[in-house]
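See the structures that follow.
Heads up, the next two complexes both have chain A, just with different partners, chain B and then chain C.
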Partner chain A sequence: MITIRDLSFAYSSEKVLDSITTTFEQGRVYGLLGANGVGKSTLFKLLCGLLTAKEGSIDIDGYSPADRKPGFLSKMFYIPEDFEGPAVSIKSYAAGISAFYPNYDEQQLRSLLNDFEIDINRKFTTLSLGQRKRAILCIALSMNTEYLLLDEPTNGLDIPSKLEFRKMVARTMDENRTIIISTHQVKDVENLLDHIMILDKRAVLLDKSVADIQDEYLFETGNAVPDDALFVEAGLGGCSSIRKNVNGEESRINIELLFNYINSKK
Partner chain B sequence: MEYSEHKPIYLQNVDLMQEKILREEWREEERIPSVREMGAMVGVNPNTIVRSYQLLESQEIIYNKRGLGYFVKEGAVARIKENVKNEFIANELPQFKAKAQMLGITKEELVELL
Partner chain C sequence: MNEIFDIKRLGRLIKYEATNYIPNFFKSLLIFASVIAAVWIFSLTVESAVCPHSRDALVGTLFILAIVLSPFIVYKDMNDRKKGYIYAMIPASTLEKLLSMIVLCVVIVPILAYAVLTATDLLLWLLSKVGIGAFMHMEFYNPFTTVKLVGDEYLQPYIYPVFDSIIYLVNLIVYSIMFNTIFRKNKVLKTILFNIAMSFAFVILTAVIVNMTTPEFWEDTFKGLVEWLDGKTDVELFGYVMTTVRCLTILMSMAFLSITYFRIKKVNY
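And now, the complex of A and B:
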């Protein structure tokens, strides 16, 4: 479990995260949403020890990421948005970093790469952007870490690869893992999420399970705007609206609408 | 598979599973994929899939054999047809009726078309 208390961070004079408090629990796939510049990538770097908090604390199963202890680092894999990859093969890169990840499974890596039709002997430098993204994702999953941080994982993936990505993450998800996906492409990942967190510079605006959000709100699209609508957006297919779910009806969460609603309230 | 806009994902997955049973892709008293396998097949979070299984179990369409996994219950096909029929009458029929009224289609015309 990840426990964050009063976490603040600034790049020189620019404050990015300001006194953030929240937790990430095991066995869940979190969608971390937030406008540009609220500090999603910064939060990831703080969680894996690449940056050190100015104020506040992060506790991950008794470790503080900033200490960079091997026992902690072997629990965590972070894929930045712009992973380039060195001029070596996927296989030797994975074997190299596996020194830090005791649960690495080469068979699993081969099978994952196979699903994406990527040869394990290819060098990163010969791969396209989309192929590099897929390759590092396969490597990350085959390291079998308890925590997986994915920053915009579907950027650069072609349409069939996005479905393959979802299947892959769904397949490797289990009750011991925590996966946090930061993204603006909510449609690409929404079927994977069971928890949604909306971040702002100064606060966590929303931190709720998908089931609880469905219980609380009703998402509708139609020609007429309900009288008791909390939030409305007009579009081609009619008006999309959110209202309180009073009769226990069930609807599919419109994450983009929810995001705009929550941000409009702050 | 692609998921449509309005139903929650777990209910859409229920529809998909019921369809597999109706098409006899999954037969009564046969084992069906585990929650994890199902999640991997459709690219959906296993925790969401659990809700689909719980609903189908409560409706006596599937059941859990301890240590062996989930099976399609005897009589599931008949129960699904009943459920889908009720859902059709409750949800789709009123919309159909409203549209026919709006367009001024008479009962006689409808009967003829059907």
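And now, the complex of A and C:
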């Protein structure tokens, strides 16, 4: 489990994260949402130990990420938004790095690459951005680490690849794994998420499970705007609205709408 | 799990880094080899043979240049803000990462560089069949090299010439390793500029100290040392100087490695 307590971080004089406290539990897929520059990537880097927190603490299964201990690093796999990849083949890179991850499954890698139609012998440098992202996603998933941090994983993926990505994540998800996805493309991951966290420059605006959000709010689309609507957005297909779910009705969560509603309240 | 050192994990790290990073260096090595070829071609157009001593000097110079530059090439991206995360997130300890860096840059890369450069020279000699002697002389690495002090007898053996060459070369490599971990961009240029700045600072500082003191001050300060050295022969003096230089070189290398260790441990991305 990841436990964050009063975490603050600043680049020079610009404070990015301010006194954030939250937890990430095992067996869940978290969606980390927020406008540009609110600190989503910074939070990822802090969780991986690539940055050191100025104030507060992060505890991941008893490890402090900033120590970058081998035991901690072998539990964690991080894919940044702009992954470039080393100047070697996918096969060679996976073979080398897999020696450090005890749960690596080569068959799984081959199967995932096959689904994405990527040749394992191709060099990263000869792949397009989308192909590189697909390749590293396959490697990341096949390492079967307990924590998987994906920063804008669907950026650069074409429509069939986005669908394949969702299938892959769903297929490889298990109760011991925590996946945190930071994205602006909420539609791409909407059905995957168990928990949504919306970050603002200096605060966590929302930190709730999808089930709790569905219990609390009702998401509707139609021509009429409900009188008790908390937030309304006009679109081509009518008006999308959010209102309090007072009768315990079921509705499909509209993350984009939720995001805009939460941001409008701040 | 031992979080500080595990010999198997170190082995895996060396294998991983050798597979992923050495190919970059190999490309640079081919450029160095092409320099040898270019010098051969140029020499053969103006003369009928390529002098073994010139070949020796050329290969020796390129070898030193290659190994001094190697950390900047092999571990080019290790602290890059965007690409460096791959290195930082390899599940190995800081000590293992440092040791792997030493093994690659101090052992594997020099062997590879020496093999490629001498093989290039040998191949060119075989192809041209105009070289003098069977093979170039590598005086620099000849363990039987003797050193002549001006006006004095040969010192035989010049104390551990191979050992001395190795510790100076290792010191140079470790110095490069350290600056490779300190600077993120334009590493070689910044290292050169830093050295120039340090040289200027040293000269200025020395000048200031010399101007502020009198010859008597130095005579008084080092009186004991001068008296102690007075009764020594040139051979003994040479030995003391070499031992002091050797110790300082080893200490400097240890200091450079310590800085590198903390830099690897603490670098942010």
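The working rule: the second predicted complex is superposed on the first by the 266 of 266 C-alpha atoms of A that agree within 3 Å, B and C clash if a C-alpha of one lies under 4 Å from a C-alpha of the other, contacts with A are read in each partner's own complex, and residues count from 1 in each chain.
Here is the rule we use: a contact is a pair of C-beta atoms (placed from the backbone, for glycine too) under 8 Å apart; a residue touches a chain by one contact, two chains touch by 3 or more.
Just so we're clear, the structure is a prediction, and the values are computed from it rather than from any experiment.
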Task: Using the superposition on chain A, decide if chain B and chain C clash or fit.
output: fit
Task: Name the contact category of A:27: first (chain B only), second (chain C only), both, or neither.
output: first
Message: Let me test your reading of the model: by the given contact rule, A:192 touches which partner, first (chain B), second (chain C), both or neither?
response: first
Message: Per the contact definition in the header, classify A:84: touching chain B only (first), chain C only (second), both, or neither.
response: second
Field: Which superposed partner A:163 touches (first chain B, second chain C, both, neither)
entry: first
- request: Would you sort A:114 into first (chain B), second (chain C), both or neither based on which partner it touches?
  value: neither
- prompt: Draw lines from the C-alpha centre of chain A to the C-alpha centres of chain B and chain C: what angle do they form, to the nearest 10°?
  reply: 150
Task: Pick one for A:70: touches chain B only (first), chain C only (second), both, or neither.
output: second
Task: Return first, second, both or neither, reflecting whether A:92 touches chain B, chain C, both chains, or no partner chain.
output: second
- line: Min C-alpha distance, chain B to chain C, superposed, in Å, is 28
- prompt: Which bits of chain A are touching chain C when the two form their complex?
  reply: 45, 48-52, 68-74, 76-78, 80, 82, 84, 86-88, 92-93, 95-97, 99-101
Field: Footprint of chain A on chain C - complex, ascending
entry: 1, 3, 6, 9, 12, 15-16, 19-20, 23-24, 82-83, 85-86, 88-94, 96, 265-266, 268-269
Message: Going by the contact rule set out above, which residues of chain B touch chain A in the complex?
response: 3, 5-9, 11-12, 36, 39-48, 51
- line: Residue set of chain A touching chain B in the complex reads 27-29, 163, 165-167, 169-171, 173-174, 190-194, 210-211, 214, 221, 250-254
